[in-house]
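Labels for the chains are A, B, C and D, by order of writing; each one numbers its residues from 1.
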Amino acid sequence: MVHIGDVPFGSKGFAVIAGPCSIESREQLEQTAQAVQTAGAHCLRGGAYKPRSSPYSFQGLGREGLEILGAVSASLGIPTVTEIVDVADLDAIAEHADAFQIGARNMQNYTLLNAVGRTQKPTLLKRGPAATLDELLLAAEYVVSSGNPHVILCERGIKTFERATRNTLDLNAVPYLKQRSHLPVIVDPSHGTGIRGLVAPMAKAAVACGADGVMVEVHVDPTRALSDGHQSLFPSQFDELMRSLGPFVEAAGRTL
Amino acid sequence: MVHIGDVPFGSKGFAVIAGPCSIESREQLEQTAQAVQTAGAHCLRGGAYKPRSSPYSFQGLGREGLEILGAVSASLGIPTVTEIVDVADLDAIAEHADAFQIGARNMQNYTLLNAVGRTQKPTLLKRGPAATLDELLLAAEYVVSSGNPHVILCERGIKTFERATRNTLDLNAVPYLKQRSHLPVIVDPSHGTGIRGLVAPMAKAAVACGADGVMVEVHVDPTRALSDGHQSLFPSQFDELMRSLGPFVEAAGRTL
Amino acid sequence: MVHIGDVPFGSKGFAVIAGPCSIESREQLEQTAQAVQTAGAHCLRGGAYKPRSSPYSFQGLGREGLEILGAVSASLGIPTVTEIVDVADLDAIAEHADAFQIGARNMQNYTLLNAVGRTQKPTLLKRGPAATLDELLLAAEYVVSSGNPHVILCERGIKTFERATRNTLDLNAVPYLKQRSHLPVIVDPSHGTGIRGLVAPMAKAAVACGADGVMVEVHVDPTRALSDGHQSLFPSQFDELMRSLGPFVEAAGRTL
Amino acid sequence: MVHIGDVPFGSKGFAVIAGPCSIESREQLEQTAQAVQTAGAHCLRGGAYKPRSSPYSFQGLGREGLEILGAVSASLGIPTVTEIVDVADLDAIAEHADAFQIGARNMQNYTLLNAVGRTQKPTLLKRGPAATLDELLLAAEYVVSSGNPHVILCERGIKTFERATRNTLDLNAVPYLKQRSHLPVIVDPSHGTGIRGLVAPMAKAAVACGADGVMVEVHVDPTRALSDGHQSLFPSQFDELMRSLGPFVEAAGRTL
């Protein structure tokens, strides 16, 4: 079992992380955070350092974003997770957030894995878009063997020939990983599908196949999001998702 | 809504098709059929004509297998689905089974699609291992535009780089297809994973993301199966699966 | 070694098959055939029966197309290859063409493989878009074990996550297949790339890695082609390709 | 045009980089380097920092390896390329080697891309195993837009469903990238196939489709290599490869 703040992952409880792809402003994060917390989310996500395919895309607010994240977390009392892309940012992130996220592009960035492995901070490790499940487990082993056992695995979709969805969310990963490892496993249906209308059904499927939680992108106004707007839920949709997850969480013998 | 025998697909009811990969003998099929029927399966599957990658693998009992299927179906009163691989077998299959299955390898065999399209027999169309969802919908359109609207779509896994599982069961397909088509959509977690221990969690996930049914391989003794034994459930496991599906079917607002 | 008409495949000679995707009219085929023959092509391709993803796309001229193919072949003295999609057309195709093509969608249509296997007609077997090389060899084994040893294997691209090209032409296939089988191996850079400007470089690469020939789509006027126009060469481009292949064929110790 | 030492990439000359996967000892590197230089290689490769899927695999000699590389380079007068995995090693690598390699796993490690982009050192950027060609070009843009225009692109195989080869070497990449960018493009047939017997044919194919060079793994004794032995050439095989490349390089209008 791994805790982000006081939220357990891998226990009887089903954990929900929600929030915007990128932190864009204090106002945007605060409004989104309030909405997801009210709807029942346990943790807040939000990126300050954004790895983007193009150097000309929005790269995140950086240090300023981290400080906003820390302030919103403190004011609402909600634990947070944010992505680390550079070892140089480790201390600053450790100060302002409750958990590191290693993004999909960095799943085999061993420098980064070893660095978070030398801390005791919970680390959300996302599967690379072309990583096999065994490679994901070996990547986790870098963190664990460096001394940090607090790793949460995250399935977020792989690259396949299918073009209807942004990625192919591979839910086989959930029971496969649970059978091979004691680490908690969560699912990111937002990146896994890339389509707003598929997030809710795939979140329910994640519950049903045994995931310990989900991570969902929500934005106070997705139409104005600086990144991933098309796959982010409106607050009202997230509220509806939380309600509809309830019966499946119960069917799985867990609590929300 | 499409009916196989009197079993509706695409209604409030969640439909379960179960049975062996191949029909191997009267005894094998009968025992398996009784077991799955007792456990609550609605339809019986079983292959008489088996498309196999190697010409030296077991190719099915052919006509004899069909007759066994017809006899077992009649004696137990359970409707059946079996694969058609050759237009020449169409009448014989139509006589002995309640539904055609177009297998994954034949999803774009337009001769076959047009032939079943000229009947009024329900047709289970499996997604090809490299077919996009839009190609699957277009393949269904061959059947429908030939005059047969009774098509059930089946997600059964696609080929990806991942080697932990036989295929990558793409559950994104379920909500995607449901949003684009009125056809019922079912899921085959046996071929979709190729691993016995992943069948149950993925069947539950199929319910949760909106599938209208599942098709599961069950064999009275998987250790002796002539094909797909490693992914076939033991009868006791299928019984356990049916029980465990219940709460998820209910959570989905459906009945089993 | 396999012969289509008097053209050897798998000998010291490097064989070139060229022609339109679809036979559209006597005039279109004749003009294209004359152009490719003048430029040095050894065999003519042209589809009368076209398997298309959508039932609403042009499906080929059928029997009329076959007759055009036979007539143009006779008048120019160039051997031909054309696709078979239905066992019912076997005799008609055998009458009008010199070789069967089993298309990528039908690589695992065992009914069709067995049917051409019962003839002595050379058969060009295209790799399915999701078929492993070992599956391709096993598909060839269906034809050979049915009695027909005259099989030519054809790499034509596989489905991958890459979207820049229509398929990913997998030239690894050439040396891999040559090392495991005595069958001739040719390459189709037109379908393999789907981009006119990539056909020539990939044809040269095919020569260099040991292919026994190439099959190239050429149309007298690609801008008016009823199918695959964007990947078909203009006659002048094909002429240029034949000239530029020369030095590579010579470097490979072969003749054009 | 980009130079590694005095070796031009992207000129009329076809450039060959050869050497072991990992630097294992002074003796191993020196013997291998002498062999490849004698056979005609222009640059020496050798890894001191090895990113490996498992933390329990050999991770390279690190700083000691770098020093061996520098010493061998100086004694033989052959320019070198070696992988950088951590920004902290940048100065040491810059001191001992002539070019940085960004490995496939780090293609989207933007911290690393930006860091090498702030130097003027030539940088060999390998395509990630699941990176589209457009993502590769955007990754190069990180280096170039940071101020370093000396980027060489390297195709090294992508992950697909095919299991006969370690990766699927995607030679379509070569003409595609050459048509879209002015950067030199080379090919790594060792990682691209993972099979010793496929390296030579695919190297020839790389020449034929327009590559500006190849990078080949050679080991003085592959049977004892600490990594990638099965895909490394014996020195005599590399010598044979260099001879056999000659006619294809000439056919391409280039010089070796």
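Methods note: contacts are C-beta pairs under 8 Å (C-beta built on N, C-alpha and C of every residue); 3 or more make two chains touch, one makes a residue touch a chain.
All of these numbers come straight from a predicted model, not from anything done at the bench.
Chemist: In contact with chain A and with chain D at once: which chains are those? Just list them.
Modeler: Common contact partners of chain A and chain D, which must touch each of the two, are B, C.
Chemist: Going by average Cα coordinates, which chain is farthest removed from chain B?
Modeler: Relative to chain B, the chain whose C-alpha centre sits farthest away is D.
Chemist: Averaged over CA atoms, how far is the centre of chain B from the centre of chain D? Could you give it in whole Å?
Modeler: So the centre of chain B lies 48 Å away from the centre of chain D.
Chemist: Counting in whole Å, what is the centre-to-centre distance of chain C and chain D, each centre being its mean C-alpha position?
Modeler: 35
Chemist: For chain D, which residues are shared contacts with two or more other chains?
Modeler: 130, 158-161, 163 - these are the residues of chain D that touch more than one other chain.
Chemist: Would you tell me which residues of chain D are touching chain A in their complex?
Modeler: Interface residues on the chain D side: 51-56, 85-88, 105-106, 108-111, 128-130, 135, 138-139, 141-142, 145-146, 158-159.
Chemist: Residue numbers of chain B touching chain D in their complex, please.
Modeler: Listed in rising order, the residues of chain B that touch chain D are 130, 159-161, 163.
Chemist: Along chain D, where are the residues that touch chain C in the complex?
Modeler: It comes out as residues 130, 132-134, 158, 160-165, 168-172, 174-176, 179, 192-193, 195, 197-198, 201-202, 204-210, 247-248, 250-252.
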